[in-house]
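Structures given as structure tokens follow.
Next come two complexes, and both contain chain A; in the first it sits with chain B, in the second with chain C.
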Partner chain A sequence: MFTLYKTWHPIASPFDPCKPILEKTFSTPPNLYIGFQPPNLPQFSPQEALRAGTLWKAFYDPYFNPFELAKGGNPR
Partner chain B sequence: MKQIPPEYYQIMEQLQAVDFVLVELTLYLDTHPDDLEAIKQFNHYVKERKTVKKAFESQFGPLMQYGHSYSGHPWNWNEPPWPWQV
Partner chain C sequence: MWIYEKKLQYPVRVSTCNPTLAKYLVEQYGGADGELSAALRYLNQRYSIPDKVIGLLTDIGTEEFAHLEMIATMIYKLTKDATPEMMKAAGLGDHYAIHDNALYYENSSGVPWTATYIQAKGDPIADLYEDIAAEEKARATYQWIINLSDDPDLNDGLRFLREREIIHSQRFMEAVEILKEEQGKKKFF
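Coming up: the complex of A and B.
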């Protein structure tokens, strides 16, 4: 299975003037991994789909940036 | 119609939900032309959209113009609320 978020660790040089950021996250939505959509995927109900932003459960990717952690966090 | 009644928002949300499903299915069917299940679902929601639109327009007036909606009497397509006032 794939994960919706990936992280990498930038190089922190001892000569960095500012405090180094040790881990950075980037979003990898499901459509990268699913490719050509197979038929008859499970679906949301219309009302849920309107909120979720997609009709098919497989493509649901609630992107919360790190600053929105309070809103629902960063599903890893 | 000074204040907008809550039913306006409920029916409008139903209409938006059905419209969203239709948009998603349209995009899906563009790349899957022979998916019968999706086409059946699409036609089902086209029919449902007609009923939701009928319910909305019978209560709150026409949604679109130039023949896409029936008109009330007197000519009321320019009655408030407009989309930005909703």
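Coming up: the complex of A and C.
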């Protein structure tokens, strides 16, 4: 399944002083995949676009604090 | 020449008086990958880049100043009524000793902005690749500040700014494609 966030698993030693983070996530935003923008991509309405920060739905990739999301925080 | 519109590109709302958050945000004000570096980098590179992409650098460089103004507003709101005690508790005691509650072009560790943060190599590909890297670094910085921040209103503005970094990176990558002059030729190497 395609996702804009990728994960990897750092090595955890039994002697690590801090509680090991078993899975790390990083962002791979849509601009890495699209190349030169093709014509006629779907657009947001002008009002939506002003809030989203882009006119193009394909480039919209909002970021939320993953630590808050893990605690059940609610992205607005 | 520029025309100034006396409003922010996106509304800046701050819910709490939180000078600690201002300390982190200053990274985007006067840091290496901040908005000031971005604006000055692009507007300066314009002069020695092929004319096909000058307009892009002008547009994005100008928008970076609009972002700088948003960051300044955020920092100002977070610190304007902070007492010296609050500044000290936020790790801004040394900033207060020099600047009172004024804004200054420095990074979140208090290191003043320097032109060594930006480069102009005169080689269009080298310059555009620097610009792409700068946008991705600024995107990452916004992510880490969102992770540090517990102010939902402020994060809303930061999310907007991060999205703009994605779009700018996209446009710089398209500029590289334009200069490669193979765009749309359907040629396979």
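Here, the second predicted complex is superposed on the first by the 66 of 76 C-alpha atoms of A that agree within 3 Å, B and C clash if a C-alpha of one lies under 4 Å from a C-alpha of the other, contacts with A are read in each partner's own complex, and residues count from 1 in each chain.
Note that in this section a contact is a pair of C-beta atoms (placed from the backbone, for glycine too) under 8 Å apart; a residue touches a chain by one contact, two chains touch by 3 or more.
The model shown is predicted, which means the values in this text are computed figures rather than measured ones.
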Of chain B and chain C, the chain that contacts the larger number of chain A residues: C
Partner chain(s) touched by A:31 [first = chain B, second = chain C, both, neither]: second
Partner chain in contact with A:39 - chain B first, chain C second, else both or neither: first
First (chain B), second (chain C), both or neither touched by A:54: both
First, second, both or neither for A:65, with chain B first and chain C second: second
Chain B versus chain C as contact partner of A:4, first or second or both or neither: neither
On chain A, the residue positions that both chain B and chain C contact, one per complex: 36-37, 50, 54
Footprint of chain A on chain B - complex, ascending: 13-14, 16-18, 20-21, 24-25, 28, 31-32, 35, 37-38, 45
Chain A - residues contacting chain B, complex: 36-37, 39-40, 46-47, 49-50, 54-56
Residues of chain C touching chain A in the complex: 10, 139-140, 142-143, 146-147, 149-150, 152, 155-156, 159-164, 166-167, 169-170, 173-174, 177, 183-184
For the chain A and chain C complex, residues of the former touching the latter: 27, 29-31, 34-37, 50-54, 59-68, 76
